[in-house]
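Dumping the structure here so I can ask a few things about it.
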C-alpha cells in the first residue's frame, strides 16, 4: 500500500542523497523501473494516469511474487514532456538502480530516449538499460531508428492506420474524407500514411482536405470546421489528442458539422467528456487494443478494480501487456541483465490483456495483437457496464481487426550486441 | 509587354465557386469544393468574434499598462481564473450568476494583488513589477491546477442559448456565439461611455496620453491604480466566463493567449484603446482567414514548373501553407510594426 | 570681434505643434568667451540649449560649431566635436561611483571608443585625467561613493565634472547653481570659473549675481527671441531689457 | 570577482596599489573557482550529480550572458533562448558535419561553433531590436523568439521537426584518450568552458565598453552627452551576449547530443530570466548563484513534490518582493557591516528571526501539500507523510496545526522585526562611523 507519492518520493530523494554521499549504489533488492513521463505541467494529466497504471501493475505482479525472486518497484520521474529533461531523469533513474525505463508520451521524447539508451549501453557495457515504450507511436522508432534496447507495446501509427483503413474499406458510405492533424512528426506521418493507404484500398474515396494545425496552440477551431464543412466531407480522420481533440469536436458540434470521426485518441483523458458535450452519439470511433467494455472476464475485473482504486479507466491496456511480459521475460532469463531480458523478450508470444495472442516481432521489437474499433455513445448498462468520465456514455466495441490485418513491413536494420 | 503585372490577380467566380488566378494573360483555375462565400462569411463572423474576445482582455491590459506602466504578464491568468470561477459558480447556481459574480470576484482578486503585491514592488521599478506579474502567472496556473485539476472541466453553454441561431448555406451558427458577440460589443460600448462621460474616465484618459500627469492630478492615485487593476482583471474575467463554455476551460488557456495580448497592445499602439480594438479585430481576422487558406508558394508558382530540391530549407519554405503559419502571423506583424511604425497603429508614445 | 567664433547660431527656430518656442535666434559666441543667457521663465532658454546640444532637432536655422554645421546631428556626435553640456535637472549615473561617473565622461575623448578588448584601467591617461577632474570639482575623497547618494550640491558639482571631463572646448551649463545656498553658490561659481578657463562657456542662470559676476557678455532671451546682447554693463543699462525682463529689479 | 560591477569601488586604489598584489587579488577568486571546479567531481561522484553539475555549468554561462544585457546594460529580453537554441543546433550540425567529413576538429573546440552562430544571429536580430529600448525592446525580443521558435517547426530540414537533430560526441577527432562519452569527462569540458567564459565576461565588464554599458543602463540620455551612442552600446552588448548564449547552447547541445525546439522555447527564456534575477542582477556573481540554485531545483524539486513549479513561482515572487537584489544582493548588503566588524550585532536577532521563518515555511508547505493531497491526489486517499510524520489530511488537527504555525510565525515576526531593524540600523551607523562606504 502506497501511503502517498510524497512519502515515496521523499524517501527516494533521501536514498539518492545517501547513495551519493556513500558513493555506493543501492543494493539491488528490487527490480526498479524508472517511469519517465510528465508529472507536472500540461502533460501531467496523462502522465499521472500512466504512473498509476504502472503502480497498479507493480502491486499485481508483486502479489504474485515478483520475478526471479525479486519484487518490482516503479519510481516516477517528471520529464515535463521535454526531451532534454527526459535524459536527465533517465540518468537519475539509472543512478537510482533502475535498469528498465519506460515512457510513452511524446515521440520527440521517445526518439531522444532511444538515442540515449543506445549511447549509454555502448559506453557502459555490462550496465545495459532497457527502454520499454508503452505509448509513443512514431513509426520511425521501430523502423529507421529501431534499437535492440527498445521495445514498443503500442501499435505504431502506421499499424493503427492499417487497421483503421481495413475497417473503412467495405464502408461504402464513406466518400469524402478530410484529414486534420497536429503539425508535428506524429500528425505528419499519420496524414501521409492515411493518404497512401486510402488510395490503395479505396481509390474511389476523395480526400477533400488535408490539414495540419499547430500543436496545442489553437483555441478556436471554428475556422477549421468551416473549412471542413465547405469541403463537403462526410468523414474526418484525426490523430488529435488532449485539448486539440476536445476543442476540435466542440467547434464541430457548434457548427452542426455532421460527419463521422475516425480517431486515435478519442479515449484519452478529457476526450469522452468532450464527445458527450457535443452530443455526437456513436459518431466518434477510435482504434485501441482493448476497450473497457471488453467481454473478457479478466479484463472486466481488472477494469473494475482499477476504477475502484483510481477512479479512472484503464487507459493503457498495453502497459499490462508490457509489465506482464517483462515479468515473464525476467523469469525466463532468470536475470535482470538488460541484454538477457531483451533476448528473452524477442519473439515472445503472450495472451494479451483483451484476449487473443500477441507477439513481439524480433525484426523491429514491435508488439502485434488484435485491435478493436470502438464507437462512443450511449450504452446498454446491462451488457456494457462501464461509462467514461461520469458522462453516462461509454465505448462499444464495433469491430475486431485480426492480427494479420495489422501486420506491416518494416525497414529496421537492427544491430545486436 | 506580355505580362501586365507580376502580381497575381485573384478573382472569384461566383457561378462555379472556383477561384481564377490570373498572371497577365495566363489564367489558372483553382477549384474549390463547396461554397467560398460561405467560408468567407463564417470566417468573418468568427474572426470578429475572436477579435472582440481578444479586445476584452487587451483593453484591460492597455489600461493597466498605460496608467501604471506595468506590462501585466498575468493578465491572461485572470482570464483563466474568470473561466474557472465562472465554471464553479455555474455548477452551484447556473451560468448566469457566474457571468455576474465571477468577474466581480476576479476583479477583487486583482485589486488584492495590486494592493498587497504590485504596490510593494512599485518602488523597485518597472522591471521588478513586470517580473512580479511574470511570477504571478506561474503561481496562478499552478493554483488553478491544484484546485480544478489539469484536465479540461465540463463548462457548459447555458441551455437557454444552446441552439443554432441561423444557418448560412449549410453551416449552423450557434446562438451562444452571437451572445458572446453581443456581450463583447456591449462592454466595448460601456467602456467607451465610461471613459468619455465619467470623471474617473476622464482621469484615466488623461493618464493614457500623459502618464506622468496622473501624479499631478491630486486624486487618490493608489486607489485609482487599484481600481484600474481590478477593472482590468474583471474585464479579462468576463472574457473568461463567456469564452470558457465555447472554448476549452483548462489551466493552459492562459499561456496560449498571453503573448497574443502583448502583440495586440503593441500593434494597436501603447495607450490607445481604439488602437487595441483595431489590432484585436485585425489579428482575429488575420488568423481566422489565414487558417482557411491552404495556399503555399508551391501552389502560387506551380505554373513556373519550379520545384526546389527535397530536403532543403527552400523546399520547406516552398511547401508551407498559409494556414500552417497562421499562428506566427501576429508575431510577424509585431516585428514588422515595431520596425516600421514603432508607435503602433494608433499610438503616440514610443515606449 | 577679433576672436573666431566658437559657436554661431543662425536663424534658429523650433516649434512644437502650433507653438513656436524659439522664434529665430541669431547669436555668435567667440572663442574663450563666457556667455550668459538670461530671460524670464518659459523664454526658451533650456530649449535653446537642447537645440544646440542635439537633444532636439531645430525646425529651421542652423548651429555652427568651430565652422562646422552641427544642427540636426545626433547628440553624441556633437559631443565628440567638442561641445558638452550639463542639465538643469541633475543628470548623472546614480548607481555608479563618483569615480566611474567622471571616467565615463573621459573615455570617448581618450579615444577608447567602444573598446571591449582592453581593460579600462590600462587605457593611457584615463585614470590620471579622471583624478584631475575629481580634484577640480573637489570630490576626490568621495570617489567611491555611489553618485545617487551624494548631497545635492555634490551632485551638481559632479554634473559639471562629467560635462567637462571630456575636455570639450565649448561648455553649456544649464542653471548650475539652481537650488543652492549662498555658500554653495559661491563655491560653484569658483568651480565654474576654474573649469571654464581657456574654454568657451555658455551658461543659463537665474541668479543675477552669478551672471553679472561671471559673464563676459550676456544675451537676453524673451519669448524665443534675443532682445539684447552685450557686456554686463550695457545689459544692465538697456531700457529694452529693463522693460522686458529686469523691470522692477533694475530699479530696486 | 565578488565586488559589484555597478560601483567599481576599487578602481582608484588599484592604480596606487602594488601591481603584483593587485594581480594576485584579482586572480585569487578565479584560481579558487578553478580548484573547486576540478575538485567537485571527486566529492559528488554519482552520474546524477555530474549531470546536475554539468547543467549548472551550462546555466552559469547562459545566465551570465543574459546578465550582460539585463544587469549590465539594462535590457530585459524575453527571447534570449533564441541564441542558446541556435548555438545548440549549429554545434550539433557542425559535429555531424565533422563526423561525416572526418574534419580534424576536436570536440573541445566545438562550442566555438555555437558561439559564432549565436553571434551571427545576434548581429542580425540585434540590429532590428536594439533600435528600441525599454519595454519596446522586450516586446520585440518576445516576437522574435516566437518567430524563430515557430520557424523551427516549419524549416524541418534544418531543425529536424519536434524530434530535433542528434549527434554523437564520441565520434569526433580525439587529441587525448578522452572520448567525452562519460559524464565525468563531459563535466570537465563544460567546467573548462564555463570558467573561460566567466573570466572573459568578467573582463568585459572591466573594459571601456563594459563601463559604458553600465552608463547606458543608468542614464542613456547622459551617455549621449559624453560622446557615446547608446544604441551602439546596446547593439554590441546584444551581440556579445548572443555569442556567450551560443556557447552555452552549444555546451547543452554537446551534453545532450541533441538539439530540438525546446531549446528555443519560452520556458527556456523564462528560466534564464528567473535564474538571473533570483541570483541577483546587480553583481557579477549573482547570476552564477541563481543558475546553480535554479538548475538544482529544476532537476531535484520534482522528485520531492509534484507541485514544484508552485514553490518555484512563490520563491521567485518572494525574491522580487523582498529581495530585489537577489541572493547576491542580500550578501552584498552585509558587506559593509562585515567590514566594520559588527556583523555579530545582527546575529542574535537573525537567530531569533529564524524561528518564525521556519514556522512560516513549515506552515506554507503543510498548507500546500495537504491541499494537494486532498485535491490532486484524491485517489490516493487522505493518508500522507510530511517530514517523516504520517497523518490524515482530512482530519481537522493538521489544519489546526497549520493555522497555529502560520499565526505564531506572524506573531513572532511582529515581535522580532523591531529588534531586527534596530540592530540593523545600529550596525549600519557604526559601519558608517568607521568610515565604511555604504
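The letters A, B, C and D name the chains in turn, as written, and every chain counts its residues from 1.
What we mean here is this: contacts are C-beta pairs under 8 Å (C-beta built on N, C-alpha and C of every residue); 3 or more make two chains touch, one makes a residue touch a chain.
Note that the structure is predicted; figures quoted are calculated from it, not measured.
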item: Chain whose mean Cα position lies farthest from chain D; value: C
item: Chain centre separation in whole Å, for chain B relative to chain A (CA means); value: 35
item: Inter-chain centre distance, chain C versus chain D - centres from mean C-alpha coordinates, in Å; value: 43
item: Separation of chain A from chain C, taking each centre as the mean of its C-alpha atoms, in whole Å; value: 75
item: Gap in Å, rounded to a whole number, between the CA centres of chain D and chain B; value: 33
item: Residues within chain D bordering two or more other chains; value: 150, 307, 309
item: Overlap residues in chain A, where contacts from two or more other chains coincide; value: 44, 183, 214
item: Set of all touching chain pairs, with the criterion as stated earlier; value: A-B, A-D, B-D, C-D
item: In the complex with chain B, residue positions of chain A that touch it; value: 42, 44-45, 183, 208-209, 211-214, 216-220, 222-224, 226-227, 229-232, 243, 246-247, 250, 254-256, 269-270, 273-274, 277
item: Complex contacts: residues of chain D adjacent to chain A; value: 44-49, 51-52, 55, 150, 153, 161-164, 166, 168, 170, 181-183, 252, 256-258, 260, 262-263, 299-300, 302-309, 369, 373, 377-380, 383-386, 388, 390
item: Chain B to chain A touching residues, read off their complex; value: 32-36, 38-39, 42-43, 46-47, 50, 149-152, 154, 156, 164, 167, 170-174, 176-177, 246-248, 250-253, 256-257, 287-289, 291-292, 294, 323-324, 326-327
item: Interfacial residue positions of chain B with respect to chain D in the complex; value: 71, 117, 120-121, 124, 126-128, 130-132, 134-136, 138-139, 141-143, 145-147, 149, 259, 262-263, 266, 270, 311-313, 315-317, 320, 324-325, 327-328, 331-332, 334-335, 338-339, 342, 350-351
item: Chain D - residues contacting chain C, complex; value: 6-9, 11-12, 14-15, 203-204, 206-212, 214-215, 218-219, 221-229, 232-233, 236, 240, 437-438
